[in-house]
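The first chain written gets the first letter, and so on, giving A, B, C and D; residue counts start at 1 in each chain.
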Amino acid sequence: MVIIIQCTDRVGLIASITSVLAKADFNIVSMQEHVDLDENKFFARFVADGIKFPQNIERAIVKVLPTGAVVRVNPLPEKKIVVLVTKEHHCLSDILTRNHFKTLGANLQCVIGNHPDLKNITEQFGIPFHLVTHENKSKISFEAELTDIILPYKPDYLILAKFMRILSPEFMKSFNLKIINIHHSFLPAFIGPYPYRQALKRGVKIIGATAHFVTNDLDEGPIITQKIIPVNHSFTLNDLIKAGRENETATLAKAMQLVFEDRVFIFNNKTVVFE
Amino acid sequence: MVIIIQCTDRVGLIASITSVLAKADFNIVSMQEHVDLDENKFFARFVADGIKFPQNIERAIVKVLPTGAVVRVNPLPEKKIVVLVTKEHHCLSDILTRNHFKTLGANLQCVIGNHPDLKNITEQFGIPFHLVTHENKSKISFEAELTDIILPYKPDYLILAKFMRILSPEFMKSFNLKIINIHHSFLPAFIGPYPYRQALKRGVKIIGATAHFVTNDLDEGPIITQKIIPVNHSFTLNDLIKAGRENETATLAKAMQLVFEDRVFIFNNKTVVFE
Amino acid sequence: MVIIIQCTDRVGLIASITSVLAKADFNIVSMQEHVDLDENKFFARFVADGIKFPQNIERAIVKVLPTGAVVRVNPLPEKKIVVLVTKEHHCLSDILTRNHFKTLGANLQCVIGNHPDLKNITEQFGIPFHLVTHENKSKISFEAELTDIILPYKPDYLILAKFMRILSPEFMKSFNLKIINIHHSFLPAFIGPYPYRQALKRGVKIIGATAHFVTNDLDEGPIITQKIIPVNHSFTLNDLIKAGRENETATLAKAMQLVFEDRVFIFNNKTVVFE
Amino acid sequence: MVIIIQCTDRVGLIASITSVLAKADFNIVSMQEHVDLDENKFFARFVADGIKFPQNIERAIVKVLPTGAVVRVNPLPEKKIVVLVTKEHHCLSDILTRNHFKTLGANLQCVIGNHPDLKNITEQFGIPFHLVTHENKSKISFEAELTDIILPYKPDYLILAKFMRILSPEFMKSFNLKIINIHHSFLPAFIGPYPYRQALKRGVKIIGATAHFVTNDLDEGPIITQKIIPVNHSFTLNDLIKAGRENETATLAKAMQLVFEDRVFIFNNKTVVFE
């Protein structure tokens, strides 16, 4: 049983929560806790072992917490996700195979592409593919089409797996903090669409990738995880892109795992991640 | 205030401990907990904030724990250490400068060398250096001399900072789990005195260093931390040794930091490390 | 144009080789060279740019080299490979998608499994899958069946992508230095079939994966590349296996890239790798 | 013997150079070469073995190269350096001990501080310390004082080892490409004086350090090397600074090693680094 709690901090919180668990005869196998002292916020994740799952444990926990606490008990292990792509296959391929072999920790509902390039690989895995071209239509129409396709699937998260269209603040807000993006740089370095070109020009010796939640400000949302790889003078733009793709795939995979296992809290445009 | 607890596990432990803290008006700023399910052992580290330090908090905590619990409340931040060296300076230099600038987290009492090479650098920092040559004497005599010098300093830990003599099981047991060694390989690969030579022969692409507690079996004690560096075919034996030294220094420094901040528990020849 | 040379070393080799290239009006875009001084061996990889591909350049180069030199000019970019698997999908899935999107640098001819588990995913990508069960037959019969399937494909390399059968020295010798294996540990630590179990028991803080050529001695062949990931006390055996799989996939992918781009030389049970 | 060459590229360059070496009976033990195709520039580093050092080899090589070539034969292994510091000791301590044990690859001439904090540790190692306070004087006067102290030492490089004053473009130009700075961020992220504060605010999961040559634009010069360390939500500003210092020390040490071993070329505000 996993229990996720986010609330205002006060003395005695852990004692109160763990007393509730102890009374229900739950043993805490592992727990992680963080207090943001500046903001007086409490974050905790408990993994507890018990014989039977008490129906009212969530209510019992809420009762001992400050008003406004967010508690999730035993969150469903299988989130539902919708993936948005353009032409690059590396992140999608990884998601498709993990989903196929049940190691993704989420159920892939469908893939939406603004190009048809990834239709075949998607359908090969028995997953619906929706083509929503952005051409010859306003951003509002484009996003309305996206929304019409997405909503019936009731996804817990949208994954932008190298989706190369900039979404409007309105769209992003309507899926607030449910969108995960993979940005192909070590944010905040190289914001924008051409990070590898900028990296080449600047002569950096390391390139990175950043998986983050999307807020209304692109490339500015809470960072979930980052990974890097060393590069050197011999890397052409294509070499950077090629090496970067391996890193992007690994970074997005790691971020999804953390989110789907309920290890990530969002607060003040930052994340608390209990690895 | 840091509180370290190691004991048999049972339901309600955290509730009991944190209730004691809450009653004393302590707020838990961060805590880390681990249960070894196979062995039914509980490990926890609390950092708590409170106005005044209660004299009897340790006793109050022990009272709610199973028999045999190990509790340390507010362990002294400054451990006392004695360092043993031979001829290589890199780990010792790092310890001397950190000690000098009060960033070691421990007080260096003295350095003991079986060669005089590092006498000058040690004394330059105002630290006593004792030369204890191993030549022309039995291991028993050699170790008796070491012990005679070490004991009056009452060190919390002995640091083997590239000390190239093999100590007897008797000596090691007499300082049981208080000796930290830096081994110049990625244990358990390349046990023994010539890991770089073996690494060269085997053509590995990564070399490592391991900081570990010393038990009566050399190179077999509980591992505290490990670090690695990439190498390749162009590395000669000297290149491996040179690159390895940087890694050894960093690995030992990290291990000392973890131990001196009371983040390391030992159990069953393994460590639980709360980073 | 890529030129690969391995031969006995002598003064003036590079001058001789590059003179041949200069006369043919080739510009050397990048070159890497290594001399094994102990063994007096010369290894080099040239990338050269030129207008037309001279038919006789290989012969011209051989003419200026010592007897016994191995020279390959413009090796075909597309090697042919056959992959052997058991039940675990992670390495195979990665190979299948890279092969599908033409980013593998090799052409996957077929997959052979000693269990049927990975038949569907393989055929889904339009690749032939051969089931060769090892049950109720001698190792000799089993390997004879493997060989009968493999030989007609004329593969440049066999990839053991988590193939959990130990092959006989005879089989391995018959595909000498053409077999690439992914071993799920940081060799030479944890040789054998249960490295994660051993890693757990030893309490290591880093686990690794090793991609290597297979010689007649399992786990002892020339290492191509190694990667590691940090772990800690909280990892159960399953956590180690799960985290290890990500690492195995990445390590094998990297090794295949290096080999397929003709960056790897084998000599004296070690590799020279020009990254 | 190390030979460093930077010049305009053309067909046959390596053949010409290596013919000169072969005629002088030098064997090339290792060489690294890079051609910047966009800019038509050639960079190479040769390590050659020979019985006697020919007086005129540099002239012989220059003769076969395009006009304007930069050639350095057997550069003195011991560069002279001057180090500028403020209050933080970690980079300086590392330089002082390496210099003391002759593993720096350069000779430390003196240390200049704009605060007296590091006078003792410097003089303890027998190195002159010059206090040049920036208070109550114009930047021009301050820099004139620095220059007056530096020039007589005829240093090959100035090392800014956490020197917290911004130098004028005029000063930087007068030591053009001879100044190495350690910046406490993963450039180009977090330019400016407070990178850790910015990193904390942005919630990054990795922090970095960058060693670079200083041009007239601070934080914009050619990058020599970069290193990173993972961080998380539990890091306070002090934790970031503390962890960052370890990284800064290691990054500057690596950069100095690369530069002092003549492995670094500068071109177009980028570096070519032959590791």
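Just a few scattered comments:
Throughout what follows, a residue touches a chain if its C-beta (ideal position, glycine included) is under 8 Å from a C-beta of that chain, and two chains touch if they have at least 3 such contacts.
All values reported here derive from a predicted model rather than from experimental measurement.
Just to note, of B-D and B-C, the chains joined by more C-beta pairs in contact are B-C.
A repeat of the C-D interface exists among A-D, A-B or A-C; more than half of the contact pairs are identical by residue number at A-B.
Taking the mean of the C-alpha atoms as each chain's centre, chain B and chain D sit 34 Å apart. In this assembly, the C-alpha centroid of chain B lies 40 Å from the C-alpha centroid of chain C. For chain B, residues that reach two or more other chains under the stated contact definition are 30, 34, 234.
Of all the residues in chain A, the ones that touch chain D in their complex are 34, 186-190, 202-206, 208, 222-228, 232-234, 269-273, 275. Residues of chain B touching chain A in their complex: 9-16, 18-19, 21-22, 25-35, 37. Here chain C touches chain A in the complex through residues 30, 89, 93-94, 97, 100-101, 103, 121, 124-125, 234, 242, 246, 250, 253, going by the rule given at the top.
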